[in-house]
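So that we are looking at the same thing, I have put the structure below in structure tokens.
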Amino acid sequence: MSILESSALDAQQAADGQAATRPVEGHSQWQLTWRRLRSDRVSMIALGVIIIMVILAIIAPAFAAITGHGVNTAYPIQGENDAGNPVGPGVNGFWLGTDSTGRDLFVRILYGARISLFVGVVTTLIATVVGVAVGLMAGYFGGIIDTILGRFTDAVLAFPYVILALALAVVFRPSLTIILAVIAFFSWAAIARIVRGQTLAIKEKEYIEAARSLGAGPFRIMFVDILPNLLAPVLVVGTLLIPNAVVFEATLSYLGLGIQPPTPSWGNMLADASNFYQVAWWYLAFPALFLLITTLAFNLLGDGIRDAMDPRTERLIAARRMRQRRARDRKRAADAGQGPAIPDTVNG
Amino acid sequence: MASATRESKPDDDVLVRVENVVKHFPVKAGGFVRHTVGQVHAVDDVSLVIERGKTLGLVGETGSGKSTLARCVAGLLPVTSGRVIFNGTNITRLSRAAMRPYRREVQMIFQDPYSSLNPRRRVGAIIGDPFAIHKTATGAERKRQVQELMERVGLNPEHFNRFPAEFSGGQRQRIGVARALALRPKLIICDEPVSALDVSIQAQVLNLLSDLQHEYGLSYLFIAHDLEVVRHVSDKVAVMYLGRIGEAGPAEELYDKPRHPYTVALLSAAPAADPDTAAARQRVILVGDVPSPIDPPAGCRFHPRCPKAQEICGKVEPPLVRDDSVPPPAGDGEPGPDAGQPAADVPGGWAHVTACHFPVVPGESLAAVGAKGELA
Amino acid sequence: MAIFGYIVRRILTGIVVIWLVSTAAFFLFFARPVATVARELAGHAATPQVINEVINNLGLNQPIMTQYWHFLDGLVHGNLGYSYFTQEPVDTMLKQDLPPTVSLVIGGMILWLIVGFTAGIISATRARSLFDRTTNVLVLIGLSMPVFVIGELLIWLVFQPLYSHGFTWINTGYSGISSGVGSFFGHMLLPWITLAAVQAAIYTRLSRGQLLEVLGEDYIRTARAKGLPERRVLFRHAVRAALTPVVSQLGVDVGQLLGGVVVVEVVFGLGGIGQVSVQAVYQDNLPVIIGFVIIAAVFVVVANIIVDLVYAALDPRVRIT
């Protein structure tokens, strides 16, 4: 194309509207979201905490090696005082003290983190895949499929998990697989419901009709056209499902329906700790603290992502930057002891 | 309403034949068991033809059924009864799989440039969709064709990685055109493609469509509610009212000598650029609102609002008949082999047809006719 | 009298649900090899003789459908079998254990509804204020805490210090109203707070969000423009509209609530049906668990019906359907 033609095109575009001459790559929704998220300090801290927690969980065996204490090894001599009670933090090389049978609390907490994070992430992944599939199909196909899937989703959402957990615990012995199945089973419904609602709304849009007029089949439409518009809410709900799953697992283990001792889980450790809080507060405090920090971090991050996805947040960010800039300018002026600096160029 | 309904041979001048298409939507009421309490008569026994390389303009108010009819022709809505014949093939009740090859031949351009493109997908992917769906080009070849298309419709091909939000309304419509053009269809159905655009942009998009028609021999079914736009682009025009065609014929013929009172009223309401013409025109103001398509009036559907209505209008539905005072164009055969059948009475053909018991004759002023309604 | 038909329909649906749940429970437990079931019912240490006795007494050798029929028959008559641990009829056991659970649920519900709505309303009307911000932080913490952690922390930080200083009013365990109202409250206070804490957080956030949305609506602006006092605007119009989604959320929440009830009972040793059922799991005490499952199903169904009625009372649109 000649220079004349291309400038004519540009002129045409300028006449057409406000197409700015930006770099060729457009900013996708994700890039914009990430930028907003980056400016949110709380979310970044939460993300950092999560990353640290994950790293700690992964290298847990390293800490077992460093301290020289195995995860399930009891140390009746160093790990217990004369009364047979656990020793406190820092005593005898136990960084956070010991538990009721003299095992290293810190090492056990880290191994418990493995379980919690694993359960949290894996169940959420399963729940997301299943939930998206169910929600998409229910929303897109409508009719009898929607009625069946929809009712089933509602039933699962409202179902008291504790009943099923109890029942399954009797029929099958509790194990990691059972827990994963139970938690995933109760988590997918939340995503399915949201996905279904969004799909119903998106289905009516003209670009879906356009896709149908092109000859696209239902599955192509669902996964190529509808799904990208769903990812935002799914991501938010997914991130918030993880702490739910972590708490769920901890509760089940606490009740004895989850991870069985001696395998450490924050839940079953806290169950045991409840009998010893009078003589060993650290046994209760530290697992609880780790549990709290983990769930809090995920919740904060999830909230942060939700805000970052919302274009209205741009105004808040811009307002915040404006305030920061003004504060900085005022401070600079105050430091210099004079009015706002006048650049030399103005004076020639 | 009679009309020739012979199957056309593929080498005919006619690309699309719509025969007695009816589309009703059931109205359901709630309660314990949902049951049907009525029907929305969106399209009631419409026939028309679209000739190859020509544009048929379809005009009507909201509720006239024109968009519904378009979607029936496009195969997006199943017809309640009637036939749609494309290039000699009956495509009325085909399954989705059987329809697939047909989809390459017929494309659609939509009204709202802001919702007809998926906001989460890049423009190159959107335009490339037809290639992907019909597996006609992949990878670098697809990209090349997409960029070619973009250039052809007046977009910068380097922008193919951008998102629709970064384009103006007119540009988005061009994207839609590019997408429709991708597989070199024979027919493009334009559902009010410029209604949502600024007037100056409208002209550009219409010119683009016209250029493409000449270049690729496209046929258009052009739907609009704006008469001036339709006049500019169409070879033949059909006017719809409440699910039926009231009048149809060659564009200039219809605009110069409208015969159906509804057409006259529509034309009189369209703003005229020339103040003298505007002053000379008699405004015909129609009384009342468009009745609901759930319960259309008996007889001629327009009769409650028609300044010329008489008793018969409320009882007998007027058939679409040719205006015999207009001779057929030379060389265009009179009704052919099956002589005696007024083959050209179908809207979209060369004849000027009207469905009215008392069509307006040239020189008659509706505003002067008393009877119903207010005088202009 | 459309509302009457509505209630009848809901009750019928509820009965169907209860029947489905009971059937599911029955088949889950009993549709297994006879020997396994018998061993579970008799206890792990049972001798083959005892197991045979169990099989004969309970008719485990009969075709499964006959057993099912007996089961349903017993159910309708309120007979849920016998606890193989204590030989008591299960329904007697459960009736004994009901009062702590009921007290916990009702007290907790009142507490969280009041706290939740109040905090939510105040937060919404004073958005971005110090109160709102503090509440948001507390809500976030509350949402992140498992119920049992809250309970344990309360025991450790509140009960323990008070108790060791001779202040014995606040206590763990259950003390019925008949043994003195004061002692009843003393025992129930911490459990109520525990149960209510997480729920209150959820409802604060929910009602705040809903109220903020409603307050932004045009008809509220109209009411204010008409000159209505702010309090009137708030309580007559805004709160009512904001309330309905929250109420419907209640229905869905019942399932979560049950879990919370069980946990709180275990933490504080209240001995309600929740705790008893958990113990029954350790003891492989099948009949008790089946009894609990069915009672829980009844509770969920009844709660949902009540919620639906409240919703219909609040939202006139619902009654018409």
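As written, the chains take the letters A, B and C, and residue 1 is the first residue of each chain.
FYI, contacts are C-beta pairs under 8 Å (C-beta built on N, C-alpha and C of every residue); 3 or more make two chains touch, one makes a residue touch a chain.
Everything numeric here is computed off the predicted structure, so don't read it as measured data.
A.B. asks: Taking the mean of each chain's Cα atoms, which chain ends up nearest the overall Cα mean?
C.D. replies: A
A.B. asks: Tell me, please, which chain's centre (mean of its C-alpha atoms) is farthest from the centre of chain C?
C.D. replies: Looking at centroid distances, B is the chain farthest away.
A.B. asks: Could you please state the distance in Å, as a whole number, between where the Cα atoms of chain A are centred and where those of chain C are centred?
C.D. replies: That gives a centre separation of 27 Å.
A.B. asks: When the C-alpha atoms of chain A and chain B are each averaged to a single point, how far apart are the two points in Å?
C.D. replies: Chain A and chain B have C-alpha centres separated by 51 Å.
A.B. asks: CA centre of chain B versus CA centre of chain C: separation in Å?
C.D. replies: 61
A.B. asks: Can you list the residues on chain A that touch chain C in the complex?
C.D. replies: 157-163, 166-167, 169-171, 243, 247, 250-251, 254-257, 267, 270-271, 273-274, 277-278, 281, 284, 288, 291-292, 295-296, 299-300, 303
A.B. asks: What residues on chain B touch chain A, complex-wise?
C.D. replies: The touching residues are 74-76, 96, 99-100, 103-104, 106-108, 110-112, 115-122, 129-130, 133-134, 151, 154-156, 158-159, 161-163, 166-171, 176, 179, 200-201, 204.
A.B. asks: Can you list the chain A residues touching chain B in their complex?
C.D. replies: So the residues of chain A in touch with chain B come to 1, 6, 9-10, 12-13, 15-20, 22, 24-29, 205-207, 209-217, 220, 224-225, 228-229.
A.B. asks: Any idea which chain C residues touch chain A in the complex?
C.D. replies: 25, 28-29, 32, 40, 140-141, 143-149, 152-153, 155-156, 160, 251-252, 254-259, 262-263, 266-267, 274, 277-278, 281-282, 284, 286, 289, 292-293, 296-297, 300, 304
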